[in-house]
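One chain, chain A, links the two complexes that follow: it is found with chain B in the first and with chain C in the second.
Presenting the complex of A and B:
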């Protein structure tokens, strides 16, 4: 049982991200790559994700302003975006990406626009939640490892 | 036993890998996965760079090849590498799930195919194939 109250809070917050469907097992895979030599690996990957995918979001926004829609281009952008989102375990964002691609394939412009709005909401919500999580993780400090008593 | 790898002509017993992926996030994760297994690795951003690095004389024990990339995709890069006589383990990694697309990638000359996202257990299964 975690004695440190901040650590307990962190664990609760982390659990809620999974229970509420924001994150999937891929996030755990990233956590397992974090160690003493790379203590901030997960945060670094997530930061890179938001920086990189922000450009793709902008590209999609601009593409949705051009009529008629180039569904092949939109699908290609979203393929990229979905790949990155999947790699960090962004479950809800990935689901909206999948739906968007289905609308691209069925040439449904309305569906694309509607789904894209929802995707941006999920994307922003996840960002806020992860920023809060990482801030709390920094405040909570590193996990104490077992050591022999002196 | 780790296969012999070469970097710039120097022999090393450490396994070596080339990550071929246009996605920055995936390159970072694949680099870390390989690092964790003690595999020296470099990354390039498309199939043409993968071919070029081999033309420069470098070889790798393992190539993690993404499918969809600009300039030259993974299918074409795999074909060219095999035509050049490159016998390294080439593992395709992609988010594609359609059988036809995966088959085309495999027929280009892959030794293995894994669906993204790549995990430690998937990478270990690839590495075990190298070690036999």
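Presenting the complex of A and C:
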């Protein structure tokens, strides 16, 4: 049982991210790669994700302004975006990406646009939550876990 | 080569493979790099097939070992990349006399059977479904070490490779038909990792950031 109240709060926050479906096991995989040499590895990857995928979101936005839709291009962008999202364990974002790609394949422009709006919401929500999480993690200080640094 | 083969310990902790990772995604490069470093590998991560060929010296110059002189023991490449796909890169490598022995692993977010089959047919060692996990990488490393130990020298390499391609075609068909989302079972029972894995140019020092990773080796 975590004695440090801030750390308890952190664990609660972390658990809620998984329970509410924002994150999946891949996030845990990333956490397991974090060590003394790279204590902020997960945050670095997530930061890189938001920077990199932000570019793709912009590309998609621009592509959705050009009618008729180039569904192949949209699908290609979303494939990239989905890949990165999957790599950080962004579960809801990934689900919206999958849906978007399905609409691309069925050439459903309305579906694409609707899904893209939802995707952007999830993307922004996750970002806020993760920012809060990392900030709290920094405040709570280094953790004693089973993977104790030697 | 004789000395190096003897240096390979069963735990695998004193060997360092040099892995060339190819992926157009920044995020994925960062992750694969970390996965490999944690698994005690030296990593060179590049963003495209063209860069990979350049690094290997296959872009025109003949026979170079990469500009930092370190031999590449394993290539891990993403399948879907703009320009040259991982599949095209695989073919180029397997068709080069200098590098065809280097094992190539394909990574893909899409678990498409025909894709898996074509890659394996072209000589890929494994097809990993993304996102790649630490357990996938550790399994690859273990296979490298085991084969390095049992093989010892380069003599039977080419024959084994052909055998692998035949064996793997059949085994890939059977494992593919089980249609699980996980990658096809490792071809570890069939063929060796083609190349000079874990032999000559190994650096035997353990990387410094292994304090947490030690738990995997020591079973804490």
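Rule of thumb we're sticking to: the second predicted complex is superposed on the first by the 143 of 150 C-alpha atoms of A that agree within 3 Å, B and C clash if a C-alpha of one lies under 4 Å from a C-alpha of the other, contacts with A are read in each partner's own complex, and residues count from 1 in each chain.
Heads up, the rule we're going with is that a residue touches a chain if its C-beta (ideal position, glycine included) is under 8 Å from a C-beta of that chain, and two chains touch if they have at least 3 such contacts.
None of the values given here were measured: they were computed from a predicted structure.
Of the two partner chains, chain C is the only one that A:36 touches; chain B does not reach it. Which of chain B and chain C touches more residues of chain A is settled by the count: it is C. In the overlay built on the shared chain, the residue A:82 is in contact with chain B and with chain C.
Looking at chain A, you'll find residues 26, 29-30, 32-33, 38, 41, 44-45, 48-49, 52, 79-80, 82-84, 86-88 touch chain B in one structure and chain C in the other.
Of all the residues in chain C, the ones that touch chain A in their complex are 24-28, 30-31, 34-35, 38, 80, 109, 130-131, 133-134, 208-209, 211-215, 220. For chain A in complex with chain B, the touching residues are 26, 29-30, 32-33, 38, 41, 44-45, 48-49, 52, 79-80, 82-84, 86-88. Contacts from chain A toward chain C in the complex involve residues 26, 29-30, 32-38, 41, 44-45, 48-49, 52-53, 79-80, 82-84, 86-88, 146-147, 149-150.
Residues of chain B touching chain A in their complex: 23-26, 28-29, 32-33, 36, 68, 95, 116-117, 119-120.
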